[in-house]
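Structure, as C-alpha cells:
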Amino acid sequence: MGANPKISIRELTKVFYKKQNSVTALENISLDIEEGEFVCLVGPSGCGKTTLLRILAGLENQSSGDFKIERSTIERPNQSMVFQERGILPWLTVEENVAFGLKMRHLPKSYVKERTTYFLNKVGLAKFANMYPKELSGGMKQRVSIARAFANDPEILLMDEPFGALDEQNRYILQEELLSIWSETKKTVLFITHSIDEALYLSDRVLLMSAQPGKIMEEIKVDLPRPRKLEDIRSNPEMASKFIDIWGHLQVEVQGSRL
Amino acid sequence: MGANPKISIRELTKVFYKKQNSVTALENISLDIEEGEFVCLVGPSGCGKTTLLRILAGLENQSSGDFKIERSTIERPNQSMVFQERGILPWLTVEENVAFGLKMRHLPKSYVKERTTYFLNKVGLAKFANMYPKELSGGMKQRVSIARAFANDPEILLMDEPFGALDEQNRYILQEELLSIWSETKKTVLFITHSIDEALYLSDRVLLMSAQPGKIMEEIKVDLPRPRKLEDIRSNPEMASKFIDIWGHLQVEVQGSRL
Amino acid sequence: MKDIKKSIETEKQEWRKQQTQQRLKTSLTIVSPICLLLIWQCLSQSGLIDARFFPPPTAIITTFIEMLKSGELYYHITISLSRIIGGFLLGVIPGIILGLCMGLYAPIRHFISPIIMALMPIPTLALLPIILIIFGIGEGSKVVTIAGSVFFPVVINTVAGVISIDSIYLDVAKNYGASRKEFFLKIALPGSLPVMLEGIQMGQAIALLTIVAAEMMGARSGIGYLIWTSYSAFLLKEMFVGLILISFFGYIFSLFLRWMQRKLIPWR
Amino acid sequence: MKDIKKSIETEKQEWRKQQTQQRLKTSLTIVSPICLLLIWQCLSQSGLIDARFFPPPTAIITTFIEMLKSGELYYHITISLSRIIGGFLLGVIPGIILGLCMGLYAPIRHFISPIIMALMPIPTLALLPIILIIFGIGEGSKVVTIAGSVFFPVVINTVAGVISIDSIYLDVAKNYGASRKEFFLKIALPGSLPVMLEGIQMGQAIALLTIVAAEMMGARSGIGYLIWTSYSAFLLKEMFVGLILISFFGYIFSLFLRWMQRKLIPWR
Amino acid sequence: TGGETVKVNDDVSKDNPSGDLAPLSKKTKVVIAEDGSASGAGFYIAKEKGYFDDYNIEVEFATFSNSDDMLPALASGEVDIAGGISSASFFNAIAQGIDVKIIADKGHNVKGKSYFTFVLDVDKQDEIKDYSDLKGEKIAVSTEHAVDDYIFRKMLEHAGLKEDDVEFVLMPDFGNMLAAIGNDSIAAALQIEPLITQGVSEGIHVRFGDATDFAPEAQIAMVLGSPKFMEEEQDVSLRFMAAYLKGVRDYNDAFKKGEGKDEIIDIMTQYTALKDTAVWEEVFVTGLDPNGEMFVDDIRDQYEMYKKNGAIKGEFNFDEAVDTDITEKAVKIIGEYE
C-alpha cells in the first residue's frame, strides 16, 4: 500500500504569467496520499490551495512536475470536485443536480435513479428532490454538492472549502454527515479549509502550506480515533496544543503576507 | 451605574404576521446592558437575533414591550449598525463610506475629514481611501464598515455577524482590531455571532438564545482579563468547558429546530 | 401568553391596514387609464383639444363596436397576429441559435458582432425597399420585416447571456465530464436563458412597433394597414381603434411572455 | 530554482501563444466588415445581385466623397446630430425623473405604469400625425418624436433600477439618518444608475432608428431626410450613404455611452 | 362665392417692384408644405426669381413624405399652403370641419407626355402590349381612394377589365414600386416622374401607354390653402397666388417654349432630389396650368367615385371645397397667359 499511493504528486510547480508579470502559485509540491486517507490542506489566503486542487481536477495545467491518481479496476471517474455554495446548478432540481455526474456518464436510467435516491436519503434531502436550489438554505445546497460528488463514485474526492460559507452549527452538522458517508465509502479525500478546528476534526493528516509561493511546510498527523466528537477535540489538551501550533504557524504566514 | 443601564429592554415581543400565519420571532425579551459592556448574542439560525438588533436600530417596530437607550450629554446619534459584507455602499469610495454617517449629520467638513482620516488609519485603510469597495477583499470591506460605525460616534454599536463571511485567520485579525478600537472608545456593543470562539474571545457576557420563539435562555459571564489572546482561551480549560457548555446548548436547539 | 396574543392582534391589525393600503395602491392601476380617458373625453367634448384630431373616447368605442360587429376587425386582427407571431418566431429562433454560437465560440463572435452592430442602427423604414427586393410583396416581406427588427435584441441578449454564465458552472460541467452537446443543452442554454428572455421581451415590443411599417408594403389587411390607411383617409376614429388594438396586444403579449418566463425559468 | 525558471519560461510561451490567438480573433472584427464589403462588391459587379438596387461599395464611397466635398453631407449631419442629441436629452431627462419618482413612490408607480404600458407599443409612425398637431412642423416635432421613443425604455429601466436596489442599502441610509434628499442623491440615484444606463443605451439605439421617421415631417435636411428623399427619387447611392452614416453614428454613440458608463459608474 | 368681408388692398401700379400689386407693408411669412416632388415647380421658381420678395412675402418650405401628413398641419395653421393630391382623406377632413380649400392647379398630365402614368416591367413588354393584357397581373398603386386609385379604375374601364381581373397591390412608396418591379413581384405600376425616367434609364421598367389615353383631364395635384390664409389674409394670399402663377408661367416658358430652360432646371435640381440636369431634359414634366385652372369636373368625378366606394364618411357640399376666387383675381391682375 505504502509503495503505491492513491495520489502521488511530484515536484509540481504552477506559475501564472501575465504581461511580464509572473506569480509562482505552487512551488515544487511533492505529496503522497494513501487510498482511503482524509487529508486537509490548510494555508493562508492566496497560497495556492485552490490552484493545486484545480490542477488535480484537470481544470488547470501545471507548469512542470507530475501527478498521478491510481486507478482501481472498476469503471469510474478519476475525481469529482465539491465546489463552494455556488457550485450547484441553479436550473436543475436537487435530484437532477445529484444525478448530474451520472447522467454525463450515460449510465442506465434505473441505476442513476437508484444511486441518486440513495444519496438523497443519505444527506436527508429526499423530501426536497424536486425543489430548485434557490429554495434551499446554504447548508442544504452543500448537501446537494456532496451527494453529487459521492454519487458519481470517483477515485478521489476534491473539496475546496465546501463549508466556508456556513455558520458554525450548520458546519458541524455537515462535517458529521460528511464523515459518516466517508466512513461508509472509504474514499480518498483532499479537503481545503481555513478552519483549524475543521481540519483537526475531519482529517487523518493536516498539510500546512506557506504563503506565496505555496509550498508544503509541515505535516501534522491527527491520530484521534474515529468516530470523533467535537467535544473530544475541544477537551483534549493534545489537540489544543496542535491547534495552537497550527494557529501560530498560520499567524506568521498571514501576517507576513499582509501589506 | 447598575441602576441605570445603557440599554434596557423590557418584555420585548415581536410577532411577524402574514396571511393568517404568525411567527413569534422574539418572546418577552428583558435585558440590561451596562455602559461600555461588550455583549455577544449567540443562538441557532432563525431564533430572532437579527430581529432584535433591527428593533434596537429602529429598522423594525416591536409588537409589544419597550426598550431604552440611555443618552449621554454629548450630541451624538443613538446607535449605529455594522452590517455584513454587503452593507457598505458600492458607489462610494472607502473614504466616502467611512464619512457617510458624519455627512448625513451635516457636521463641518474639516471635522468629518479629520475623523474619517483618523479611523481610516486605525483600520489600516488610509492607502485605500480613494478606492471603490469592489477592489477590496472581504476583510477590508468589513474594516470599512467598522470604521464607519465608530466614526459616527454613536451611543451604542450594533453588530450583526460582521465577520460571518471571513475565513478564520482574517476573522481573528479583525477581531483583534475591533477589540483594540473598542478598548480605546469604550463603546457599548451588542454583537451577534454564530461562532462560540468569537463570542468567548470578544465579550464580557454571552447571551444564549433559544430557537423559535427567541428567548434568552442563559447568560455566561466571560471574566478573562483583557487584552486577551486567542491562545489563552484555547489553552484555558475553563474556557474549553464554557465552549462545550454553549456548544451543547446550541446543539440541542439546532437539532430541535431541524426538520 | 396573554401578551403574545395581544402582540399577534397588534400585528394582525397592522397587516390588515397595510393590505388595505396595498389594495388601494393597486387599484390605482385601474383608475389611471380611466382618469386619462375621462380627461380626454372632457377635453375633447369641451373643445379644449381638437375633436377632429382627437375624437372623444366614446366615439372611438362606438366605432370599435361597429367594426367588431361587421367582422372587419376580426379579419385585421387575425392577419396581423399571424404576421406578428410568424415574424417574431422567425426572428427569435435564428437569433437564439446565432447568439448561442457567438457566445460559445469567440472567433464567430468576433467575426459576426461588427456586422450586427453595423446593421442594428439602420431604421426598418429604410430597410423596406431592400426587403421588398429580396422577399417580394407577399406575406414573406411582412414577416421578414418584423423578424428583422426582433432579431437584433435577441442575438445581443443571447450573447450577453452566454457570456454572463458564471465560470464555476463551466468548471462543474468540465469536472463531471460533460460532452460538447451536453454542455450546450445543460449549461449554455439554461444559463443564458434569463438574459435571453429579456431580449425576447424586447423583441416582442419591437415586433409590435414594426407592424405598421411592415404592413405598408403591399398589404390589404392587418392592424398596421388599418392604422395607416385610416389615417391616409383621415378616418381618425378608425385609426385610434387600430392604436388601441396595438396597445391591447402589447399588454397581452407581455402577460404571455411573463407567464412563459415563469414556466421556462422556474429556478429564478 | 532552475525548475521555477523553466516553469516561467513554459508559461510565458503559453501566454504568448494565447496572445497571438487573441490578436487573431480580435482582428476578425476588422476582417468581417471588409469581407462583407468585398462580397457585396463582387456580387454587385458580377451582376449576381442587382447593381441598380445594390450599387457596389466603391460607387457608394465615390458618392460619399463627392457629397462630403460639396459640404452637403456636413450640413445634413450637423442638423441630424443636433436633433438626435436634443431628442435624446429631452427623452432621457424626464424619463429619469419620472422613473425615479415611480420607483420611489409606489402610488405614483401604480398610477403611471399602466399609462406607460399602454402608450409604449404604439408605433412612432402612427404617432407622427398627433405629434404634428401638437408640436407643429418645426424642429420641435422632430425632437419630440425622437424624445418620445427614447422616453419609454429609460423610464422602464429607471424604475427597474430603483426597485432592484438591495434593501440593505436602504437600511444603511435609514440607520445613518439620511434625509429624504440625501436618500435620493446618495442611494436611489447611484443605486439605480447601472440599470438606468442600460435603458439609456437602448434609448440611444432607438433614437437613431427613429431619425428617418422624425425627418419625414416638414424637414428639409438631415440624414433621415437624405435617406427617404434619395430613395423617393431612386438615388440609391445617396440612400446608402445615409444608411452608412446612421450605422457609423450608431457605432460612435455606443462607444460614447460605454465611455460614459465607465465614468458614471466607476464602482462597477 | 368666398366671403368678401375682408377689405383687400388690390390696387395695381406699374411702379411697384412687381409691376402690379403693391408689396405688403410688413414682411409676411408663408409656409408651404411640399413633398419634394417636381410639381412644386411654381413655388420654387417664384421664390428663386424673387416674385415673392417683390410682394414682401417670405416663403418657407416644409417637406413631408406624403400629402396626407400635410392635412393636420394645414388644418392647425402650421402651414398656409400645401400641395396635395385629391383623395378621400381630403374630403373626409373637410367633412370633419377642417375647412381646407382647393385653390389652383398643381399637376395634370400633358397629352402624350404624362408625368403620372403606368409603367411595365421590362421583361413583360413582349407579353403585355395593350391595357387589356394586364388581366391577371399585379399592379402597384400608391393609394386607395385617391387619384391613383381613380386613374387605375379609369384604366380598367378603358381596357374593359373588371376590378378583380387584375390584382391591386397597395404600395404607398413609389420607390418601393421600382424595387417590386425589379424583383418581378409586380408586373406594372402607376408610377410618377422622375422615377419613371430613372427606371427607364436603369432598364427596370418601360412606359406603358399614356395616362391621357384614358384619363385626359385628370386633376392629379392641387394647391390647397389653409382656411385662415384664404379667409383672413387675403392681402397675402392674393399676392402669393400672383407670384406663384408667375413662377408657373416661367416654368411653362421653359418646358413648353424652351425659354430660359437652363435656369429653371437649375432651380429644379436645387429643390428636388433629382440633381442630374441631364435627366431633367428627359423627364416628362408635370403639367401646370399657367392660369392655375383646374379640371374641377374631374375632381368632382373623383369625389363621386370615393363616395360610391364608401370611402367618404360624413356629409358636405362639394362646391365649398373649391375656391378659385383668389386665383381668378390674381390672373386678372397679372393678365392671361398666352
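Letters A, B, C, D and E mark the chains as written, and numbering starts fresh at 1 in each.
As a working rule, a contact is a pair of C-beta atoms (placed from the backbone, for glycine too) under 8 Å apart; a residue touches a chain by one contact, two chains touch by 3 or more.
Please read these numbers as outputs of a predicted model, since none were measured by experiment.
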{"item": "Minimal step count in the chain contact network, subunit A to subunit E", "value": "2"}
{"item": "Steps needed, at fewest, to go from subunit B to subunit C via touching chains", "value": "1"}
{"item": "Same vs different contact residues, subunit A with subunit B, by half of numbers used", "value": "same"}
{"item": "Dominant interface by contact count, named by its two chains", "value": "C-D"}
{"item": "Most distant chain from subunit B, judged by the mean position of its C-alpha atoms", "value": "E"}
{"item": "Inter-chain centre distance, subunit B versus subunit D - centres from mean C-alpha coordinates, in Å", "value": "47"}
{"item": "Length of the line joining the C-alpha centres of subunit C and subunit D, rounded to whole Å", "value": "19"}
{"item": "Cα-centroid distance, subunit A relative to subunit B, in whole angstrom", "value": "32"}
{"item": "Interface hub residues of subunit B, defined as touching at least two other chains", "value": "none"}
{"item": "Two or more partner chains touched - positions in subunit D", "value": "50, 53, 129, 133, 228, 231"}
{"item": "Numbers and ranges of subunit E residues touching at least 2 other chains", "value": "72, 76, 173, 175, 178-179, 182-183"}
{"item": "Touching chain combinations (by label order)", "value": "A-B, A-C, A-D, B-C, B-D, C-D, C-E, D-E"}
{"item": "Of subunit E, residues touching subunit C in the complex", "value": "66, 68, 71-72, 75-76, 87-90, 92-93, 96-98, 138, 140, 143-146, 168-173, 175-176, 178-180, 182-186, 311, 313"}
{"item": "Residue ranges of subunit C in contact with subunit E within the complex", "value": "50, 52-53, 128-130, 132-134, 136-138, 216-220, 225, 228-229, 231-236"}
{"item": "Of all residues in subunit A, those that touch subunit D in their complex", "value": "11, 13-18, 22, 24, 27-28, 63-64"}
{"item": "For the subunit E and subunit D complex, residues of the former touching the latter", "value": "31, 33, 36, 61-65, 69, 72-73, 76, 78-79, 173-175, 178-179, 182-183, 194-195, 198-199, 202-204, 272-275"}
{"item": "Complex interface listing, subunit B residues touching subunit A", "value": "44-45, 127, 164-165, 167-170, 172-173, 194-196, 230-231, 234-235, 237, 240-241, 243-244, 247-248, 250-251, 254, 258-259"}
